[in-house]
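One chain, chain A, links the two complexes that follow: it is found with chain B in the first and with chain C in the second.
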Partner chain A sequence: MTMAVTSPNGTHALHNALRVAGWIGLGLIAVAVSLSDFLANAPANATAIGPFLASPSPEFRFGTDILGRDLLSETLHALDATVRSALPATAVTLLAGALLGFVAARLPRSLARTVRGLVGILASLPALLLAVLVIGLSTRDWAAVAAGLSAAPFTFVRAFDRARLEERATHSEYARATGISGTTLLRRDLVYEFRDTILSSAARALAAVTLILSTLSFLGFGAVPPHRDLGLMIAAARPYFLHAWWMAAFPAAALVLLILCARLAAGLDEGERA
Partner chain B sequence: MSEPRPILEVKDLGVSRGSTIELERLSFRLDGGETLVLLGDENSGKDVLLRVLGSYLQRGDELSGTIKLGEGPALPAAKRAKIGLRIVYLAAAAEAPLNPHASVLAQLSRAIARRTGSPRTSAREELRIALERFPDAPTLAALNQRPGALGAKDLSWALLAAAMAQTPDLLIADHAFGDLTPRSIRSIVGALMAEQKRLGFALLYAARGLKAAARLDSRVIVLRQGKVIEEGSFTRLASGQSHAYTRTLFKALPKPLAAPPARNATREPLLQVQGLDLIGAKKNAPRSRDGITFELRRGASLALIGEDGSGRRELVRALLGLDRVAGGRVVLDQVDMSILSAPMTSRMRRRIAFITGADDALDPRMTLWDTVDEPLRAHLRLPRDMVAGHRETALKRVGLASHDGRRAVATLSPFDKRRLQVARAIVSAPFLAVIDEPLRGLDAFAQSILTELLEDFRRQEGPAFLVITADVGVAQVLAEDAMFFKDHKVVERGALRDILRNPRDEETRELIEASAPPVRDRGSVDLPQVSTYNVPQRTAVPE
Partner chain C sequence: MLRFVSREAGKLALSLVGAMLLAAAISALAAPDAGAGAWHFLVAWGRALDGYAHLDFGHSAMTGAAASDELSQRLPLTLGLVFEGLGIALIVGIPIGLLFGAGPARRAAAPLIQILSAVPIFCAGLGLAFIAANLLHWPVPSGSGAAAGLVLAPHDAREMEALLLPVLTVGLAGAAATQLSLRRAGAEIAGQPWQTQLRRMGLSAWEIETVYAMPRIFAGLLNDLGAVMLALFSAAAVAEWVFNYAGAADLFVKSVALRDWSIVAPVLLAFAALTMIADFVGRCLAFPLVATGADA
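So, the complex of A and B:
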């Protein structure tokens, strides 16, 4: 035979396996979050549970912090807080990004181009900067919305470009040639494209907003004590990085695990760009 | 005379996967200089044979029988001895295993070099020499672009040249030219046969359709569901003295001049075109100086016949208001399209249906049911039960009622997609149906069924047909009148039957000759009883 056909099946199988692994990881995190009160040894912010700055041991698996709080319990509560603020932020990203992106692509061409250009400029700015700007214009209570809005431009651009591709597709041209209106074509996008990509879009948005929310908290723009999320826990551990590494390492590991699972669930290619 | 050189001998070859028999006791022998056509649909087993010959066995394949290559011993089919026989695979342009992002020239040179064990520069030179032997083939420089930038015809020439540059002993062609226009098939198959005479290779051609097989005019094995239905010369099988299944397959061949299909056209005009000046999609496209003027009555059928790029599709796009025109007037259903706003033009198009050979004409994400429902929901806003009733009726008529309605279009076969287009057209109750190369890419069986469906659609719903095709045989089945196009101009028009009898223009004559299967002049044996046009000699034809 003259030419060998290279099959992408192996790569697809790997991507699918990683995607499934990501969703399983997210599922386990969801279970841990929903059972956090049950799994934790102590309520959130309960001090003097053990000795101060005790290193990980069979009694305190993640060690304790400077106030004697059990870090395993604190990490679980902080993970719960992080996920609870990330979920509405994800919804904001999907609504303001994916949904509006699909709709904007069906606007008259010049208007659509203008909107795409403006949102493209926003997407090129650091999302964190946008989030800080939104919080500056409102309050810290709006951190979740700010994170959602700051991640939205990137999602908007992706959805817009996909919808434009669909609009230029042969099947759309044939549909227009038989009198199918733009509204019906938009419905197709919403029903099929949005439905088929909603899970991966949500996972990608979850990874992005989690990172933004945690960074906001780390910088002091997000969660307010005594409600601690993972970013705030890591920020609180800053003075002890060198001699009490466990104070930052376990919350950071939980954060990395959450983002990694979300990125894998979104698909490796998508996750890399999220 | 010297003894023919044995190339391939397959004996009692059987392939099964679990309880499924994919190929059953297939035996044939192929000598150097011989051609064998394997004719059948997607599941006929010819693809399985190619897989076995190419040693692309799949897990679970159980093989029996023997294969003998060249002068080597007959070995069990699962084994393959290393022999000095050069087997070359020739794919269709659309299915060629080429990287879409790399230059065709680089890829073909690399393949030739690897296959012949020669340096890349020598391989390139071999390719150039092979291309120069074919007058209609593109130049070597023209191949220095991505596969997508080359047309199907040029890519087919390039693939053929690459195959010939490897000086094969056995050429396995997998539906290699079936999707080209009749004129391209005639020219490329002619070149292939000349090369076969020169190099003496054996040719195994797996055919879905009949156009290329008719040109090869050789021994044919008809396969169905892994079984050999019958074997014989093409002309004998085409004569009608054959198995019922074979006769169904050969229905797709162009028929001799026959009475045109029943007309239900009225005197009332549906489409009136006056002095339409086409502007091609490209900026430098040639313009029609005189403009195109014609009229299509309700229920009538007009074929727009010409090669790709001759202006037929530009005309249809202009008629439907999809592209601007420099001048002229289009009146559709007694409404001047030029004075309508964009939304009103779109509204007018609701009673127009498209049935095309493009497999991406339907949204691949939609389900089978949604595809049929959409025109009813979007245009008529019918209640759900009425929509379901119309859908069921349409799907039954095209034979898709037993399919799972929630299946995505992307998972359907090309034949099912084509039938789904007909179902969608049926529920639209159109006054005009644009039928654009409807049989492209289908196997002979599917072509016969689809042709019947289209005829039934026209008979029952009574839309006017605008048939875009390069195949006069297709036009003959679906239309009574025709306009022949060349370079964005109409070179001949009139009743198709009259044009077939007495073509006045050279382009028309070429297209008719290319569409008609060749008449054998090798004596009186096996002359085809059907499938020849009454094409006049190439002498001056009186007005």
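So, the complex of A and C:
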């Protein structure tokens, strides 16, 4: 128990190595997704490709499901569907969370505190329930937007707090003292913020929205058959997975791999909320 | 201390009012004419707010039961799951946070904890169910709520086994947040000048850790109590669905699917209020642990 007197500096090299590994992993996933139609042995939802509920074998490496679909092909198509929904959701989180949070911090003090307080209320709710609510208020077609919006409050609060620190930084004080306007300063800080943190923020948002989107699909609020994503594949495997483990295990492994790579690329601490 | 608690209580009150406004807006959607225009919606919102001020949350559009009755039946189940999960979170999270906080132990454990952190709650729940059913030969809950054998105070081994799966699922999610808070608090105080000064005064490393460092590390955990509770509630929402547990989150999901806004709104308010209160209590408990004489 030497926590209090041991410097954490030794972990920095490990963090950098893990971050690079995360980006390499995301790159490989992007390649797999873009070539999914080529890599898959069968088109999406093609039934009776093999025997029903066959366990993994050299012929069907991930086995088959209750309708005789090749699970390797299905997992690749579902990974493609998951990533395609997650990308617009990530953009929504970055815009509604990171960008608005950064800008809101530069509003007049009382207004900024009010906005921060209102968004803080949304951030005190489980993001999943917020996403379910947004879908309830709209339709399932808006699942990606709902996932993006539900991940946004936490991102907003983080961006807001960072921007407040930036505002109190020495360069901001000098800029204000020399008559540079608040808008010019905001523009300058936004450019630097974008340049320095966009990649890690995007990876972090990708991890968060993938988690929310897959859980939404698992609960029946996300993807609709026949367009199956990984969450829906796992939900479909639920009645059978105790005996046919491969039906849930491979889509779950693909989902964990995607989230893990995004978390590593974002440089998240172990256990840190995405 | 009094000034700090008053300030935090003021923030809590404002947040609760904001959460009530949000919940009343959702509840107003249940009014028949709420969709007829902005003015009609505002009138319905005002009526809902008036009802909330008198603790009248409206009635379910599906069953006709009072929303407060539905909530009082379901919320204790979720709270039980969350508090039993909190116990697991502390039992698992505190040793991990303290032992793997720094040094070679952290470097060894980091990849494993990263992988575990990337596992969605529903996958973790299904994984635990698979292990329980195939390796331990425990019953996996089927049916719904009490019919699935899920009771908060188990009387026999079968009930205990059925309850352990959702509690473990929720607890492990809380453990991740707990160990993170402890590690961050530990990293924050690592190498601070007062530690060197205390060593120069002749105090042993053990004394410095137990008397001076530990209270600050646990203050960090208390400061993050709101985040830990949020992690537990998020996990409970999924665990209830995976294990057919008829709690408040299950009620929320089913009510949204049925557009039963009078039920959705108070559940949302309850979750927000509980997280905010946990945050407030945590901050107030942490304050004396780190306050200097002048602050207190």
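The rule is simple: the second predicted complex is superposed on the first by the 262 of 274 C-alpha atoms of A that agree within 3 Å, B and C clash if a C-alpha of one lies under 4 Å from a C-alpha of the other, contacts with A are read in each partner's own complex, and residues count from 1 in each chain.
The definition used in the following text is that a contact is a pair of C-beta atoms (placed from the backbone, for glycine too) under 8 Å apart; a residue touches a chain by one contact, two chains touch by 3 or more.
Quantities reported herein were computed from a predicted structural model and do not represent experimental measurements.
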Between chain B and chain C, whom does A:Ala127 touch in the aligned arrangement: first, second, both, or neither?
second
Which of chain B and chain C A:Ile259 touches, first, second, both or neither:
second
Tell me the contact category for A:Leu149 with respect to chain B and chain C: first, second, both or neither.
neither
Determine, under the contact definition given at the top, whether A:Thr184 touches first (chain B), second (chain C), both, or neither.
first
Superposed model, chain A: greater residue contact from chain B or chain C
C
For A:Ala203, decide between first (touching chain B), second (touching chain C), both and neither.
neither
Give me the intersection of chain A's contacts with chain B and its contacts with chain C, in residue numbers.
1-6
Considering only the defined contacts, which chain C positions touch chain A in the complex?
14-15, 18-19, 22, 26, 29, 98-99, 101-103, 106-107, 109-111, 113-115, 117-123, 126-127, 129-130, 133-134, 140, 176-177, 179-180, 183-184, 186-187, 189-191, 195, 205, 208-209, 212-214, 217, 226-227, 230-231, 233-234, 237-238, 241, 249, 252-253, 256-257, 259, 264, 268, 271-272, 275-276, 279
Interfacial residue positions of chain B with respect to chain A in the complex:
54, 87-89, 96-98, 107, 111-112, 115, 162-163, 166, 320, 322, 346-354, 356, 358, 360-366, 374-375, 378-379, 428, 434
Applying the document's contact rule, which stretches of chain A touch chain C when the two form their complex?
1-8, 10-11, 14, 18, 117-118, 120-122, 124-129, 132-133, 135-137, 207, 211, 214-215, 218-221, 231, 234, 238, 241-242, 245, 248, 252, 255-256, 259-260, 263-264, 268-273
Within the complex, chain B is touched by chain A residues 1-6, 169-181, 184, 188, 192-193, 196
